[in-house]
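Below is one structure, written out as structure tokens, with a few remarks after it.
Letters A, B, C and D mark the chains in the order given here, with residues in each chain numbered from 1 onward.
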């Protein structure tokens, strides 16, 4: 259950719309089913009242939409950001993707979001989902009404949440959380501990599922190039579909590298992947390497910091040292 | 009608696979199922449907069309098509069977696409009737009965038996070859299951979704509808919906320089991509709104207009399940269908 | 093992002549390696030319179907494939497939009618095929008027052919215009739409119109104002194409595929299509 | 049947100011290094986009080595410092994906180090020869 209610968010949005602070509100509305939410831009209070939702399924990070909407619209936009979303927000500001003054950030505490995939794995034929405290009451076609604990349905990224403290806001609802001492690098370490053959087999299997829908790229708040290298016919690597295993790797390696040092680890890539590839483990590998070799760095923790891959020190370790670092461990 | 015990299915499928390459839905460790070439120990998945349709088997994500050898000013065209062998696709859901019909009308209409045609002509389709529809299913919207006979052969799986019925001559021959596994059966169990499934279908959340407002000749009614703006507003412009769609058939043709020749291949393309219609002198679909509109207008209006009213959506529900922002054809139909002008 | 021919598999074509028409347009003559015309076509149809490794693109066939020896393509330099073609020399092999699209209704609708061709810039390319076809079967048609405009004298396509063949034909009137005054140009100066208005044609003609989108738009408005009916005005469209056979799904305007149902459209048919071209 | 001896294809990106001159010096001094090494001259090691390295593998390379000026000696002051981080990240990712780490290397070679250049190349070719053909980052379309 979330610690602030839909009504809290709604009241804030209505108030800011009414007093002219903002002209639009970027939030969520119910998706096709109760366990889905669609990012939605509201300008009309009545629509806001009827369609706005805030529940355990508002996982979508709204920060990237700010680029598009601030370009398209006049006035100021109110956006609801969960703690992890605020890191993306800061990173976008660092990269000058929109102006800070155009946005009114309402920080929303988050107790972790439920994963529809986990829900669907536990309940077949879901007719409705109602939140009841820390549980969801799930009406199904085949097993009647079931009660499932939200805690058992949390998204993987929420289980290793890096921070419940907002990195930016103009107005905070509820209580501020703390930066978490999360075990988010454990999975990376587990892969590192495998033999090269096992690692190869692991990634071969995962990446061969890729259908190159580009959802990971299109949702990624760090992927904001006006034209992506993979969509540029003169780049030499442009491709619509991964023709073979090489191109699957090429796409994911290069994409991860392009966002390395800028990726805030929001986990949207893995959330949207229709094939369930744990893409965040690629980005997290870079974060781990950066932390271990160049000093701990959290992209988006502050505005205006220099990303590690456009920076250096005179005594950085050599590439070989970096690659061999884990061997003795 | 013929039947076999559920317990003999592994042996039966092995026998099929030993005679002809066999593809069937197999569970993955991701909790979904995919059409997979039969292997020893492959279990027929009980999933409501596969993560992707059987489209890949007829229209693969990438396929080489032709090769060229160039030297100086000369060009040599190499026909690299290979003989297609017969194969069996087992366990195709009725919506996906309909989807193949949608693809057929594109690829088998003149001029025939020989690549697709070769695969179609060598395929035998065994349909698996539905008995456990899920919330994303809405095949009924497009007039599909997921319990009815279709494909070359249809199977109905009950608790302990699999019932078989051929729908085509080719299907009859297929069943004849499996004679050792099958015994005669009456259709009592199947009829009962069909009634049970029909009751379940009527309880699905999208059961009341209607396509009546759409179809050929409705371009003017929907093209300038104000709702496209809001519907497309949060679309990421990714290709998920098009790539999981069993009927989306748009493709791109590209050349790949291998270093010792050129291979011209085609690959799936998506009308959701910004460069889909981009030309040297501009782009007729400049924003995501136009691209989003194109996809749904094509499924609901343009395609039926060119194909005797057949919609190019079969209600399989994959795009509903996979869209990162939960925006899909059901929402589009609900929004537009309510107030067609 | 031999397979049926597939539309997507092209044949080899040889460039046997390259004519420099304007600073950015060249006309290429293409035949098969054994010196024959690659295939028959009708006026207004197109062909897919490709340079292996570079790409494939659709071009209108500018030579007349009555030319049984070769095909010609007037190509403006504006993208990867066209850039490459512009540096190609005589003897270069490329690939060709086609013909694609519908032709102008030269044998039924146009028969016995006075024809008015209006072109701007490289827009003359698709019309040249029709004009020469009609000139070949001169007795089947009434009067022929050709209005052609471009930015400058140097940008006029097929200028030599216009001067030596078209203007000397009886019953063919050529009206040329360029956008700006220029030394050595004694003809009309001004944009095509206003020139059409000045010339003031009788409205019983069948019109064939092609050029840049703005030029088409304003000329059409002018023609309507003059009293022409949209049902007697034909034009030809261009959109991004890949397959040429109505299957790859990108060149549609509404339910019509430009490569298969077009590129030739009557202007009243265009009105029924959504505004997305 | 005669077993064909495996000769690896090595791509060496060499910076114009130091390593390429080092290769030149190796040549002038008649120092041997294998002909399988194909040198691509780049203005600075920093010019090497990670995509170049992957593309070299795609096009049939069995090993890719990147040579630049020693840290502190970059003709453009700091190019090779960026290279160092960038390649450290790329190589650790390749290793993470289970691709043999010995197939990639960064080596700093100055214009005066003709002998080091030859020795490095000899060593690298030997290492890659021992690994055998690149199978994990190959593009089958590019195989003749």
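Things to note:
Basically, contacts are C-beta pairs under 8 Å (C-beta built on N, C-alpha and C of every residue); 3 or more make two chains touch, one makes a residue touch a chain.
Bear in mind the structure is a predicted one, so any value in this text is a computation, not a measurement.
In this structure, the chain pairs B-C and B-D differ in their number of contacting C-beta pairs, and the larger number is found at B-C. Distance from each chain's C-alpha mean to the overall C-alpha mean is smallest for B.
Rounded to whole angstrom, the centroid-to-centroid distance between chain B and chain C, based on C-alpha atoms, equals 39 Å.
Taking each chain's centre as the average of its CA atoms, chain C and chain D sit 52 Å apart. The distance from the centre of chain B to the centre of chain D, with each centre set as the mean of the Cα atoms, comes to 46 Å. Annotation: 37 Å between the Cα-based centres of chain A and chain D.
Counting partner chains per residue, chain B shows two or more touched chains at residues 252, 254, 256, 269. Among the residues of chain D, those in touch with two or more other chains are 141.
Those residues of chain B that touch chain D in the shared complex are 256, 258-260, 263. The part of chain D that touches chain B in the complex is made up of residues 59-60, 141-142, 144. Across the complex, chain C meets chain B through its residues 1, 3-4, 6-12, 50, 52-56, 78-79, 82, 89, 91-95, 238-240, 242-243, 245, 247-255, 272-274, 276-277. On chain B, the positions that touch chain A within their shared complex are 30-32, 48, 51-52, 61-62, 132-136, 200, 203-205, 233-234, 236-240, 242-244, 252, 254, 256, 265, 267-270, 273-275, 320-322, 324-328, 330-331. Note for the complex: chain D touches chain A at residues 50-51, 54-55, 57-58, 71-72, 78, 81-82, 84-101, 104-106, 136-141.
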